[in-house]
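Each of the next two complexes has chain A plus one other chain: chain B in the first, chain C in the second.
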Partner chain A sequence: MSEPRTGRRHLLLGASALGLGALAAPPVLGQARPFAGQTLNGAAFQSTFFEYLRAFFPEFEERTGAKLNFNTQAFPVYNQRTDLELSTRGSALDVINVTFIYSGRWIGAGWLTNLSEFVNDRNRTDPAWDAADFVSGAQSAMQDARGNTYGFAWEAGAMLMAASRADLIDQAGKAMPTTFDELIAACDAVQGKENMSAFVADQLHHWNWIPYLMGHGGKVFRDPPGNLTPELATPQAIRAAGWYAELLSKYGPSGVLSFSDDQAMRTQIAGRANFRTQAITWLVPLAKHADSTVKNTVRYALMPAGPQGNFPGSNSHGLGIPVGSRRKELAWEFIKWALSKEMLNRIVETRGYPSVCRRSVITGEAFKQAMTLNGQDVASLYLQVLELGGRSGYMKYRTVPVFPQVGDTINRGIARIATRQQDAQASMRQAQQDAIQVLQRAGVTLDAN
Partner chain B sequence: MARGGATRARDRFYALCVAPSLAVLAVITLAPAIYLLVTSFTPLDLTRPETAWNFARPFENYRQMPADSRLMNSLWVQAKLSFWTVTLQLLIGFGFALLLNMRSRFLEALRTVFLIPMVLPPIVVAIIWKVLYTPDISPLHWGTTLLGFTVPALITHPDWALTAIIIADTWQWFPFTMLMTLAALQMMPQEMVDAAKVDGASAWQMTWHVTLPFLKGVLLVAGLFRLIDSIKAFPLIFILTEGGPGSVTEVTNYYSFLQAFNFSFLGYSSAITVVMLAATVLMSWAIIRLVGWGQHGD
Partner chain C sequence: MATNTALARERRFIQILAVVLAALVMAPFLWLLQMSFKTNAQVFQFPPPLIFTPTLENYEALWTSGFRQSFVNSLVVAGAATIAPMLLGVPAAYALSRWQARIAGTFSLWILVSRMAPPIAFTIPYFLAYRHLELLDTRTGLVIIYMTFNLSLVIWMMRPFFDQLPRALEEAAWIDGATTAQGFFRIILPLSAPGLAATAILCFLFAWNDFFFALILTRTEAMTAPVAVVNFMNYEGWEWGRIAAGGTMVMLPVLLFSLLVRKYLVHGLTGGAVKG
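Right after this comes the complex of A and B.
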C-alpha cells in the first residue's frame, strides 16, 4: 500500500478550490459564528413585543456570536433621543424602531438604510424569509415614494373600541355603540355606575381624536402628502374638536388630560373607566393581564362611525437600520431573526402577542386562538381595521415629515377646549395659526387660502 | 527697577498659571455660546441639512419672534413663574431662617431635614409631585376625598396647573434661601442686636430696621440665583405638565426645547435662547443696580 503523495501542485489546487468555493458561497452562511466579538446596539420604545423578544436574545447571541445591547425607553423619550441621534448620522445605534409618526421624516431626510438592497441580495437574505408576507398596510409607512423599504413592521396598531364593563352597558339596555351618537348615549347611560367613568383616553389627542375628526368629515391636511395646508379650523374640524373635548371632560376620570397610554389602560384594567378607543395593543391586556379585574366583562368592537364614515386609526412601527451604523450586516441579521415567521409564531404561541404584521401568522390558528378574548373573535376585527386603513389611504396624513409639529398643535388645541380655556372655534383657529407657522418654518409650501 | 522687573516676572508667572484654565473655560463656555449665536442667524432645521450654514436672511428667526403667539405667551408664563417662585422662596426661606436661628439640638436636626428637598435630584422631586398631583394614586386626593370634598386634578386644571408647579418648585428650593439667610444671620454682629435692644426696639422693629438691612445683600444674591434658576425651570414642567394644559405652563425654556428637539428647528430655538440669555443678563444687571450690591456691611 502506498501512501497518496501530497505534492505542492496538489496543495495549490486544493487551496484554489477552497478559495473559489468561498467566493461562490454566501459569505455570512459560510461562517459558523460570523459576528463573534461584535456588539449590536439597539433601541426602541417600551412595548410588550420587545419584552417578549428579549427572552429569546440568548438564542441570537448563541447563533451569531454577537452581543446584544438593546435598550427601551418611554415613547416620547425614545423618539426624541433617536431623532437627535439620527440627525447627527451617528453610529451609536445599529438597529432602531422606526416610529410611525417619524417614519416620513426619517426616511425623507435620508437617515435610514435602504433595506430593499438587503432583501434583494440573496447572499444576505434567503428568499424563504418572504418579505412580501408583511401586510402591505403596515409596510406602507416604511417605504419611500420609489417603493424602497426602510423598515419591517413588528407592530400594526389597529384602533378598536373596548368596554371594560360590558355588563353595565347590558344592564342599561344599550348595545355596543356603532355610531358617535350611540357612544354618547352609552356614556350617558353608564357614567358614574359603580364609581366608573364612562370613557378614558390618553393625552395623545393627535392619535385618538383623528378618527373622530374624519368621522365628522374633517381632515388634518388638505391632500397629504402633496398638499400639507392644515385644515384645523374648518367647520367640521371645529365641530369634531368640540365633540371630542366634551367626551373627555364630561365622561373622563379626573386628570384624564395628563394620562399616559399605560395609565389609561390601568384605569380600565382596574375597572375605573369603561370605554376606550385605542390601538389593540392597549386593549388586549384587559382580557389577558394578570392584574385585570375585567377579564370576564370586557367586550370589543370596531370604532364607532361618524356621520361621514368610519376611520379607525391604524399605524405600524418597524425595525430599521440608521444610515450611520457601522454594523449594518449584523443589524440586518437581527431584523431577519426577530421578524422571521418562526420567531413571530413563537411569540404569538407563547405570549399571545396581538399586533403581528405577517399575513401568514395573522391567518394562522395560533393567532386566532390567542386573539379569542373573553369568547370573542378579535382577530377578525383587527384584520378589518388594517384593511380599512390600507384600502383608502386615509392614514397618509400621519407619515408626513412635519406631522410631529402639527400633532403638537392639535394636542394643545384639544386640551384648551377640554379645560374650557377657549371654545372650540377659538382654539382650533389658534391651532390652525400655530400649524401654519411651524409648517412655514419647516419650509413647507402652503396654499394661499 | 529690580523690583519692577520682579513684579513683571511674577505677573507673567501668574498669567501662565491661569492661562490653561482660561483656555479650557473659553472652549467649554465661549465656544458653545458663539456657536449658539451663529446658529441663531441660520434657519437650521436638522431634517434639511442645506439649512446648516445658510446666512441668506440672518435676522429671519428674530423677525419671526414677535409674531409667534406661543413664544409671547411663554414669556408671560415665565414671568409669572419666576415672580412667584422667587418671592415665595425668599419669604419662606427668610421666615424659616429666623425661626431656626437659635442654638438647640432639635433645631439643628430640623435644619438638616429642611435641606432634603434641595439635595434631591430634580427628576425625583418631579416624580414625587407627579404622584401627589395624580388623582387616582395620590394620597393628597385620597385624604381629601375621605374628608368629604374633592380637589380637582391640579396639573390638568388651567387655573391650578401653574400654581402646582410653583408649589413644587418652592418646596424644592426654599431651603436654599433659608440656608444662605441662616448663614448670614449667624454672622450678624451681636453689638448691632444689643444696641437696638438698648434703644428699645421691638422684635418687629429689630427685624425691619436691623436684620433685613443686614441681610439685604445675601437676599439679593439668593434671589438672583433663584431667578436665574427659575428661568432654567425644566424637569418639573417636563414631568408634570409638558407645558399644558394647552400652553398654561409652557415657559420659554420649555418652548425652546420643543422647537429644537421635537421639531428640529435648531436655528429658531437658538435665537430664542440668545434672547433669553441677553434678557437674563440685563435683568440681573438691572436688579443689582436697583437694589445695590454688597451694601449690607455698611
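Right after this comes the complex of A and C.
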C-alpha cells in the first residue's frame, strides 16, 4: 500500500488553484462570516414572498454571521411608517420594500441608495449575479430618469384577464375576448348565468381603468414624467370612462363600486362573478386557493385590446436600501442573497411563488410548472405583459410622485358616472378640474391649455 | 277603558320601535360579531347564511399570533394613560376650581389649547424627538403622548364638578380640623364619583381607540390592538374572520368597562352641566 505523496508539482497546482479561487470570489465572501455581530433591520409589507423567504433566513445568518430582524406589516401600515422613516432620513431600517406607488416619490426625493454603484463594483457584486436578468418592465419603477437603479424587484403584478367560469363562456358559444367589443359581447352572453355577474373589479379605478383608457387612445398625463398636464377630459378619456362605468354598472355584482381587491377576488373564487382584469397576484388564487370553487373552470388570457392597442397594467415592488442606513454593505448582501437566481428558483420550486421578476426563472421549468394553471401556460402570458410594459414605457404615469392624488380624482370621476350622478362628460371635466387643482397645489407646472 | 287600551297599544308600539331602533344601531356590531365565528369561506357565502356552525378558529388564531401581545399593550397603555392623568389632573382641576384669581380662566384656556391642534400637527416633532430619546416602539412613549392629551380633558371635565360642590362642605371639614388635603380626599372626591367615572372612561376610550399615534410611533414591541387588527389586511388577501374577531376583542373591554360604570356614566356626563 503506497502512501499518498505530496510532490512539488501538486503543491504548485494547489497554490495556483487557491490563488485563482481567491481572485474569482468577491472579497466579502472570502472572509469567514464577514458581518458577524451586526444586525440587519428590514421591513416590508406582508406578502407570501417574505413568508416563504423567512424560512431561509437561518441560511443567510449562518453565511454572513449577521442577525436578521425583518418585520412585515399590513400594506397601508408599512407604507405610512416607511414614508415617515425615509422622509426623516432615519437609520432604523437597512433594507426596505420599495413600494411601487411610492417609488417615484422615494427615488425622486433622494431617500434611497443608488444600487447601480453596488452592481457595477466587482468587489461587491459578482457579475454572475446578473442584474440584467430582471425583467425591464418590473425594473422600470425602480429607476430614475438617468437609468440609475434604486431597487430590485421581487414582485411584479402583470395585469391579465381571468374568467372563473370559462365553461359558461364555451356554452354560450364565445371565446375568451381579445378586444373590448368582444368583452362586452361575452359579458352579455354570460350575464346572470347560474346567478353570476359577468364582470367584477375592485374600487381602485385608477389602476383598473387605465388600460381601458389607453386602449381607447387616451392617457392620464400629457407626457410623463416631464409633462404632467392631466388629460382626463379628452374625448378619448370621456369615451373610455363612460365605457368602463357601463361595464361595472351593467355587469358587476351589487356593491361592486365599493369592493376591495380581496372582495373582488373572493367573489370570483366563490363563483359569483366571471371576468376580471387584474394583476396576476389576484388571479392565481382562482386556480390555487383552498377555498376556490372554480379551480377546474378558470381560464386566463391577455387583457383585451382596445381600438388603439393593448396596454395591460404592470407594477412591481422591489428591495432597496434607505440612504440613512448604516449597514449598506450588509443590506446589499441581503438583497443579492434574497433575489439571487438560486433563491428565487428554490422559492418557486418549493412554494410555487407566482410573481418573480427574473427572466431566467420565469422561463425556467419550475416556474412554468408552477404557473401551469388548470392546464394553461400562464407563465408566458405573465412574461409578455411585463415585457410590454418595459418596452413601451406606458406605465410611466404610475410612478410620478403626484399620481396617488390624481388617482383619487379618477376614482371619484368613474364612481360618479357608474352611480349615474353625472354623465361621463361632466364627470370627467370635473375630474380634470380636480386634478389640475391637486397638481397646482403640489407645485407642478402645467401647460396653459 | 278605551283610553287605557289606546295607551297600552301606544306603549307597545313605542317598545317595538325601541327594539327596532336598537337593532339598527347594534347591527354593525352584531354583523361583526357573527362574522368572527365564521370561516373565510362562510363570510363570503351569498346569500349570507343566518344559521351556521360557528367556529372559534379566528379567536384561536388571535391567541396564537402577535395580537395577544398587542392586546396586552393596549390594556397597559390605556390603563396607565387613564390613571396618570387622573392622578395629576383631578387635583389640578380642584385647585383651578377654588382659585379666586382672574387669571384662573386664562390659565384653564391654555390648558385646553393642547387639545385644539390636530394630532397630525405633532406627528413629525414627536417622531423625531422620540427617535432621539429612544422612545419609539415603547409603551412609555405612548403613555406620555396620551397623558398630554388626557390631562387637559381631565381638568376640563372635572372642574365643573368641583365648581358645583358648595364650598361650605370643605369649610365645615376645616372647622372640624381637617387639612386641605383631607377635605379634598375625604369630602370632595367621594361626592365627585360620577364625574371621576365619566372622565376615566373618556380617558380610557381615547387611549384605547387611538390608531394614529400607535401607527406612527410603534413598530412591533409596543404595537397596540387597533394597529394589530389592520395587520390582518395582507397584500394578497384580507383575513376577514380574524379582522372581525380582532375588532370584537377591541370592543370588548370598552363595553365591559362602560357597563360596569353605566350608572355613574350617565350622571357624570350630565352632572356639572347645571351649576348649583
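Keep this in mind: the second predicted complex is superposed on the first by the 416 of 449 C-alpha atoms of A that agree within 3 Å, B and C clash if a C-alpha of one lies under 4 Å from a C-alpha of the other, contacts with A are read in each partner's own complex, and residues count from 1 in each chain.
Everything below uses one rule, namely that contacts are C-beta pairs under 8 Å (C-beta built on N, C-alpha and C of every residue); 3 or more make two chains touch, one makes a residue touch a chain.
On a predicted model such as this, the values are computed, not experimentally measured, just so you know.
K.L.:
Please work out whether A:Gln421 is in contact with chain B alone, chain C alone, both, or neither, and reply first, second, both or neither.
P.N.:
It touches chain B, and chain C stays clear.
K.L.:
Is A:Gln38 in contact with chain B, with chain C, with both, or with neither (first, second, both, neither)?
P.N.:
It touches nothing on chain B or chain C.
K.L.:
Is A:Gln80 contacted by the first partner chain B, the second partner chain C, both or neither?
P.N.:
Touch partners of A:Gln80: chain B and chain C.
K.L.:
Comparing chain C with chain B, which touches more residues belonging to chain A?
P.N.:
Of the two chains, more chain A residues are contacted by B.
K.L.:
After the superposition on A, what does A:Asp291 contact: first (chain B), second (chain C), both or neither?
P.N.:
After superposing on A, A:Asp291 lies in contact with chain C but is clear of chain B.
K.L.:
When the two structures are overlaid on chain A, which partner does A:Met265 contact: first (chain B), second (chain C), both, or neither?
P.N.:
second
K.L.:
If you stack the two complexes on chain A, which partner ends up touching A:Asn374: first (chain B), second (chain C), both, or neither?
P.N.:
So A:Asn374 meets neither chain B nor chain C here.
K.L.:
For A:Gly108, using the defined touch cut-off, is the partner it touches chain B, chain C, both, or neither? Pick first, second, both or neither.
P.N.:
First partner only.
K.L.:
What part of chain A is shared between its chain B contacts and its chain C contacts?
P.N.:
80, 84, 267, 272
K.L.:
What does chain A use to touch chain C in their complex?
P.N.:
By the definition above, chain A touches chain C via 45-48, 71, 73-77, 80-81, 84, 88, 90, 92, 260, 262, 265-267, 269-270, 272, 281-282, 285, 291.
K.L.:
Can you check the complex and tell me which residues of chain B touch chain A?
P.N.:
Residues 43, 45-49, 51, 64, 67-70, 133-136, 141, 150, 152-153, 155-158, 241-248, 258, 261-265, 268 of chain B touch chain A in their complex.
K.L.:
Would you mind writing out the residues of chain A in touch with chain B in their complex?
P.N.:
Touch residues, chain A against chain B: 80, 83-84, 87, 105, 108-109, 203, 253-258, 263, 267, 272, 401, 404-405, 408, 411-413, 415-416, 418-422, 427, 430, 433-434, 437-438, 441-443.
K.L.:
Name, in rising order, each residue of chain C that touches chain A in their complex.
P.N.:
Touching chain A from chain C are residues 40-41, 44-46, 123-124, 127-128, 131, 136, 215-216, 219-220, 227, 230-238, 240.
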